[in-house]
Amino acid sequence: MTKPIGRHTWAIAEGYIPPASTGSTREMTSHETVCILNAGDEDAHVEITVYFADREPAGPYRFTVGARRTRHLRFNEFADPEPVPKNTDFSSVIMSNVPIVVQHTRLDSRQPALALLSTIAYPLDQ
Amino acid sequence: MTKPIGRHTWAIAEGYIPPASTGSTREMTSHETVCILNAGDEDAHVEITVYFADREPAGPYRFTVGARRTRHLRFNEFADPEPVPKNTDFSSVIMSNVPIVVQHTRLDSRQPALALLSTIAYPLDQ
Amino acid sequence: MTKPIGRHTWAIAEGYIPPASTGSTREMTSHETVCILNAGDEDAHVEITVYFADREPAGPYRFTVGARRTRHLRFNEFADPEPVPKNTDFSSVIMSNVPIVVQHTRLDSRQPALALLSTIAYPLDQ
Amino acid sequence: MTKPIGRHTWAIAEGYIPPASTGSTREMTSHETVCILNAGDEDAHVEITVYFADREPAGPYRFTVGARRTRHLRFNEFADPEPVPKNTDFSSVIMSNVPIVVQHTRLDSRQPALALLSTIAYPLDQ
């Protein structure tokens, strides 16, 4: 499988970084993740824009996903141009120069029993 | 990203507001949410209709999602024209005058360990 | 909203009824649910076929979803032509004479802390 | 229902096998699952390729899903050509010679209260 697969643009309408965690390791820290698969033979240059309820969008946040590689990026680790605030509703749009596949996952460990959610992102271009 | 993205009409077949919560804050109260992203430069005027098992639909519930903004609306806070009953199965249809992206999330805190679910809504128009 | 929306045929590749529950009420009993929205003005006659790993499919299970109504059907309550076994992997295909929207949800209460999953079903006809 | 339904190629951008479990049975062991429905009358020959963050892809892993059957395959039980490492981010692409429907589910039992996620995979060919 070396041909590029997926779409250039995706949207995730849900976004929220839980404000607390019970775990102390990175593995069990509450996180909001965008998983990106680049199955093609060319590096993917990805730009993520984050939308809020009451201010102009933040970003773009820039990442490279190598050829035939996947990256699971955590919004709570975004830093440049600015961190994504915790305990705040947001949405995101993911744009790439080559086709990619995008999925959204949250691990919420505010309570000792963690909770998970995941959904395929919404593909915007045909 | 200022061009409108998404669809005008979406459906969420699942809907349910848990009848209880263990949390006392808004953050940890059980809730059923519809997340709406309006990435375009024009305000989105949104109408939500709620369907039930044994009565005619309720609504429309009307909301505005500003240009380049997101809103995460909680069904358990809907009031006009009528509240959405708890512990009752429902579905919803979301219609907008401009393209939007819609995702469905539930936080269930009936038990001390919360549970989460989420899925992209179903896009109805091409 | 009285025009029919959705598709005639849907598939859910995941299916599993947890073999136990900690709750004693119907609300907290572990369940596997198919949520069906019929937003049109004509009753939907729905047939569900259940697929297994090691035997021929079961069904069809027949249900009516009234005009402008939703039904959240639990696989663990299916009875005719035969019950769906617990603790067994299955898949399902949902066919309707009019367009519907289908979503899949599980509540797992094998442990005191319940877990949830949900996803839109896969629409098969254009 | 004997006509083949679905697509030939699917992608799951999220993949992760939790490194621990609290359950001792197969049922309650943390697992990452790809659920495959073959509703047609011909056996499906499926090849799964697994993508990582920092090395070339693994696979293909080969499976047969019989006519009118479903299989819920666990990545943590993949063995040939190599096991899928735990506690490692991955993605997967699923290819079949006949149309299938694919869904992704995780059961995480690292803590006594299990957590679940599920989403339809992303269909890649029309």
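Lettered A, B, C and D in written order, each chain numbered from 1.
As a convention for this text, a contact is a pair of C-beta atoms (placed from the backbone, for glycine too) under 8 Å apart; a residue touches a chain by one contact, two chains touch by 3 or more.
Remember, predicted model here, so these are calculated numbers, not experimental data.
Between copies chain A and chain B, what's the superposition rotation on C-alpha atoms, in steps of 5 degrees?
C-alpha superposition angle, chain A on chain B: 90 degrees.
At the interface of chain A with chain D, does the proportion of residue numbers present on both copies reach over half, so same, or stay under half, so different?
different
Take the average of all CA coordinates in chain C, do the same for chain D, and state the distance between these two points in whole angstrom.
Centre separation, chain C to chain D: 21 Å.
Just how far, in Å, is the C-alpha centre of chain C from the one of chain A?
30
Scan chain A for residues touching two or more other chains and write them down.
112-113, 115-120
Across the complex, what residues on chain A touch chain B?
Per the touch definition, chain A meets chain B at residues 9, 11-16, 19, 49, 51-54, 56-57, 87, 89-91, 93, 95, 104, 106, 108, 110-113, 115-122, 124.
Using the touch definition up top, name the residues of chain A that touch chain D in the complex.
1, 5-6, 27-28, 33, 35-37, 39, 68-72, 101-103, 105, 112-120, 123
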